[in-house]
Amino acid sequence: MTREGYVNSALVAALIGVPLWAHVAGEPFTITLATRAVIFALAAVGLNLALGLGGLVSLGHAVFFGIGGYAMGILAYHAQIYSPMFPDTLAIEGTKSMPVIWLVAILCSALAAFVIGLLSLRTTGVYFIMITLAFGQMFYYFTISWSAYGGEDGLSIYIRNSFPGLNTLVPIQFYALCFALLGGALWLSARIARSPFGLMLNASRQVPHRVETVGLNGQRAKLLAFVISGAITGLAGALFADLNRFVSPTMFSWHMSGEIMIFVILGGVARLFGPVAGAVLFVAMEHVLGDLSDYWHIYLGAVLLGIVLFARGGVIGLLAGQAKGHD
Amino acid sequence: MSAILIVEQVLNGLQFGVMLFLMAAGLTLIFGVMGLINLAHGSLYMIGAFIAATVAGLTGSFLLAVVAAMAAGAMAGALIEMTVIRRLYHTDHLDQVLATFALILIFSEGTRALFGSFPLYLDTPALLSGPVTLPGGIEYPRYRLALIAAGLAVALGLWLLIAKTRIGIQIRAGENDREMIAALGVDIRTLYTFVFALGAALAGLAGALVGAIQSVQVGMGEPVLILAFVVIVIGGIGSIKGAFVGALIVGLTDTLGGVFLPELFKLFMEPASATQIGASLSSMAIYLLMAAVLIWRPTGLFGVRT
Amino acid sequence: MTEPVLDIRGLTKHFGALVVSDEIDLSLRPGEIHAVIGPNGAGKSTLIAQICGTLAPDAGVIRLNGQDVTRLPTRARARMGLARTFQISALAMEDTVLQNAMLGALGAAGNPWRLFSRAISDKALRASAEAALDRVGLLDKAAMRTSDLSHGERRQLEVAVALTLKPAAFVMDEPMAGLGAEGGQRMTALLDQLRHEAPILLVEHDMDAVFALADRISVLVYGRIIASGPPDAIRTDAAVRDAYLGEDA
Amino acid sequence: MTMKATLLLASMIALGSAASAETRIGMITTLSGGGASLGIDVRDGFLLALEQSGRDDIEMIIEDDERAPDVAVQLADRMIQAEDVDIMTGIIWSNLAMAVVPSVTAQDVFYLSPNAGPSQLAGRGCHPNYFNVAWQNDNLHEAAGAYANTAGYTNSFILAPNYPAGQDALSGYQRFYEGELAGELYTQLGQTDYAAEIAQIRASGADSVFFFLPGGMGISFLRQYADSGLDIPVIGPAFSFDQGILQAVGADALGVVNTSQWSPDLENEANVAFVSAFEEAYGRIPSLYASQGFDTANLILSALEVADPNDDPDAFREALRAADFASTRGEFTFGPNHHPIQDIYVREVVQDGEIFTNRLIGVALEDRGDAYADDCSM
């Protein structure tokens, strides 16, 4: 096994061991923290597909996170008040079933990613960063004033949604669910990275003109990567909403986009487990530094600067050295 | 809606636009010359406002406060350029985004640690307070007129600096060909520090000028920063002219959209929901505009096609 | 006379007042190497860009195997067998040599939208890529990271990627650029073999290679073809000597 | 600043280290970022009351929510799951309250709101374990509308940010206001330039302006309004005129009328003692948020005298409902939905030496409950 393999295994062991210990020791909040980290990791695995493999620096991934959150919020809200959506025309019933909510979250965020990607991919470089940022702001302002679903107040869901065969209100069970989904997303990313599509996408990032001259459509490859990326981040949004039993426009804020990007870079861009390491580290710092000082963001900023300036390749890069086959 | 009101709103849009220009000019200059995307530009704006409020509180002089704000902006700019930014010129945009995002965290929380969480107070100078009557009977705040004048003066000065002076030639050369200016014997490190400090000073100036009519508080730079990004994307990144035109377009769209969209919706909706929907739409208007511009011209109005 | 594989008629392109392609007629017949030479700024790069579809001509027609491709995008021309190599190597430096070659094979196979299968275990892709690498002498370096290749090896890999496309015609942009004497000879030998695979439109500065390889030479000056013919005729052409060889050779 | 910190530290040590701690109170409030001044005031007022009580069997756990709903939810989960708190309080913002309160009360923990009073929690979403010690969100706006009538205004221009609290504010004002509307505007949340709105006010021919623009928005609006030379009288809820904000607005706010359930110059015994104790402890005049934090703590203390929330939650709830404590705002009772029934006063901004503060000028609404109590089936 490579060094990176050892680091990844240690990470997985921690993500299994720590919550189990917390469950036995009766420390439910530790499980909640771990759940938060796993959900953030899932969102970042989504971004990593666009960012690491496709080279798409999206500063608007909060859009998909938020859409996933609102898919959960709106469906559960209608189930909670026992009144359907669009009562006059379609009369769609709400639902509290997680699988249905996830499916809707994935489809909606994929659709949004398709439209946003179609427009944003006309640009490159800084323009791409900024147009994705602008789309994020658009959604943010829209949801703030969208009074039907709480506007800035957001939507509160009193009881966590259900999953067949599980009691999701038990922290360890909900955690297991999130962890399984993260595993699925990691498996998907690993497959995609090695697939013919991944080969094309990887080359599109590095030498877009080459991809065209061998008869492949690199732009469309990036668009598909962006859509899959958005869908995964959207699923994470739905889980995050369920963790908090609450959604609000802050899920769309550009700070959220920045944080998802931080997870990826903190851990290591284009490393399979980079987003996981980044999210775990971020949540840990948030927890530990937040207890130490009111001004913990200063330390967070310093750590980030240190990573960018001195430890390119993120935490995994620091621990496992240069990636194989990647920069 | 009367003609006077429309003229007044156009003036308001103009005033907003020239202040945005001060922010956008620095951003676009820094990107054009060094190829750097600087998210921490809003922090320099905030620093300008805080220093201005402090100096005005100590000395009572608004002029001194503005000068101090520019100096503080320039100094903070030069400091981060020499310690952090300099290492980012040769990295990709991703690293730049992250590092300058980290700088925002440090500056915001640092400012809060130093100045506390309560908003500060910066008064408009007595000479410029109160309204003035313009031809046609328009009552307009004197200070806002002064802001328009100051903004236009800075724009003119910037144009002169870049078009007519030796350092301007170096800056323009830096935008086109980095090796060439090194070959010309220009110390490129000093030039970069100067350009960054210049941009930072403009941000500090904007913070001080706007701080006098708004609240001076932590986080005040971020909304302006995002608007400044919209400006330079519309105008074309790297182009001062684009920043100027983009700033006026954004200033006018934002101001006039907020006024006219609700009126427009009132034509076919009941007033209460028209004001609400109109307001929602106007808050999204500049982003829609930006998306439209990018679809039409992916490198902005005055951007270099790559 | 055999039908030309690549046939260009009346190709014209302006940049404002500047004419970069002035009614260019050019053809490429099976089995031949047709070299285009000319001083810097003569319009060779814009000619290649138009042939390969990254730049749209103002007027004129480009036919590939008799089909009008003038308005088709780059990738459509590539799928029809137009294989281009770049003056500055356009390779995925972070990937392995094999992966770069497989990219070409993937383009030729035309089935890239597979998300779950492993590219490396696709036998057809792999065979095609390895055959091309073998052809240019890089098979033993297949597992190396491309950025670790020497400059000459990268030029060879460029050609290998083009080879995987099962090309109808090659368009090569200065394949000798930056190669030393030994590397140049190896590349010359390689191109000499490749002409039997598909004809080569060769844009090249290296006059020794051009005169050694080309069946025909066209001389491009200020966007116009001022002379076209076999090497011996070009060598003695007064207009060419005057406009080009006189100053540059 | 240092003094405050020392006091805080002292009280934390005194309260936190008590081995016999029996009651655990979790406070989640905003201590950083924009809006931190409100949370700091609530916390300081609350701690002052605890300090005065001299009890050493109460443990306080204080956390900063950064004004982010998801952070607040995390903290609430931690306090309930890991810290085992009995009572929670502290939240400033309605959106955070909506994120936290329903799940807190659902887990059988008491929640006492020292500030936010969203209509949902006053109406259909009311809960036996939820008490609001400040006001229902609409109250101060309603009072402003009532005051406009008595002041003889018949043509108001009204504006608020385009978000739920803003929409509630404008409808709250119109619930009691009987005149015409010269104009109605929704601004962008977080907007800092009001030139366009002020021009519209000028052109509208209004005889009064009602605005609800909390935090920095209000500061910007008032200063720009004063600078525009407009002299149409302005009315607003107390949120834009609390002690923290007034110092940043300066002379531009002088003479503005605002509505509040509390004022530093209210002449009841509890308030006089509170204002001087607060000034002595923290070196600044208390704001209404400080008074709300102080009242919340005293309400809890009064109920703890009667029953323990752990042993006998029903008795504790009854004791809270009785509201048997000396409120800084005078008479204080709870309505059927556990929201206050209280007088809402009218205040005017005045200058006292270097300090800008408020002075009472009348009562806008007497014994006002709220508009949502009927929807509450408790």
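We just call them A, B, C and D in the order they show up, numbering each chain from 1.
Everything that follows uses one rule, which is that a residue touches a chain if its C-beta (ideal position, glycine included) is under 8 Å from a C-beta of that chain, and two chains touch if they have at least 3 such contacts.
Everything quoted here is computed from the prediction, not taken from an experiment.
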| item | value |
| --- | --- |
| Reaching chain C from chain A through chains that touch each other, fewest steps | 1 |
| Chain labels contacting chain B and also chain D | A |
| Label of the chain whose CA centroid is most distant from the centroid of chain C | D |
| Winner on C-beta contact pairs when A-D is weighed against A-B | A-B |
| Distance from the mean Cα position of chain D to that of chain A, given in whole angstrom | 36 |
| Chain B-chain C separation of Cα centroids, rounded to whole Å | 49 |
| Inter-chain centre distance, chain A versus chain B - centres from mean C-alpha coordinates, in Å | 32 |
| Interchain centroid distance [CA atoms averaged], chain C/chain D, Å | 75 |
| Residues of chain D engaged with two or more neighbouring chains | 31-32, 162, 167, 186, 188 |
| Interface hub residues of chain A, defined as touching at least two other chains | 141, 144-145, 147, 295, 297 |
| Every chain pair in contact, whichever chains are involved | A-B, A-C, A-D, B-D |
| Residues of chain A defined as touching chain C within the complex | 191-192, 194-200, 202-203, 206-207, 209-217, 221, 224, 325-327 |
| Chain B partner contacts - residues on chain A that touch it in the complex | 51, 57, 59, 119, 122-127, 129-131, 133-135, 137-138, 141-142, 144-147, 254, 258, 261-262, 265, 269, 295-298, 300-302, 304-305, 307-309, 312 |
| Residue ranges of chain D touching chain A (in the complex, touch as defined) | 31-32, 64, 68-70, 73-74, 77-78, 81-82, 94-95, 98-99, 102-103, 106, 118, 162-165, 167, 186, 188-189 |
| Contact set on chain D toward chain B in their complex | 1, 31-34, 36-37, 40, 162, 167, 184-188, 190, 192-193, 195-197, 199-200, 202-203, 215-216, 219-220, 223-224, 227-229, 244-245, 247-250 |
| In the complex, chain C residues that touch chain A | 52, 54, 73-76, 78-79, 83-84, 86, 90-96, 99-100, 102-104, 106-108, 110-120, 122, 125, 145, 161, 164-165 |
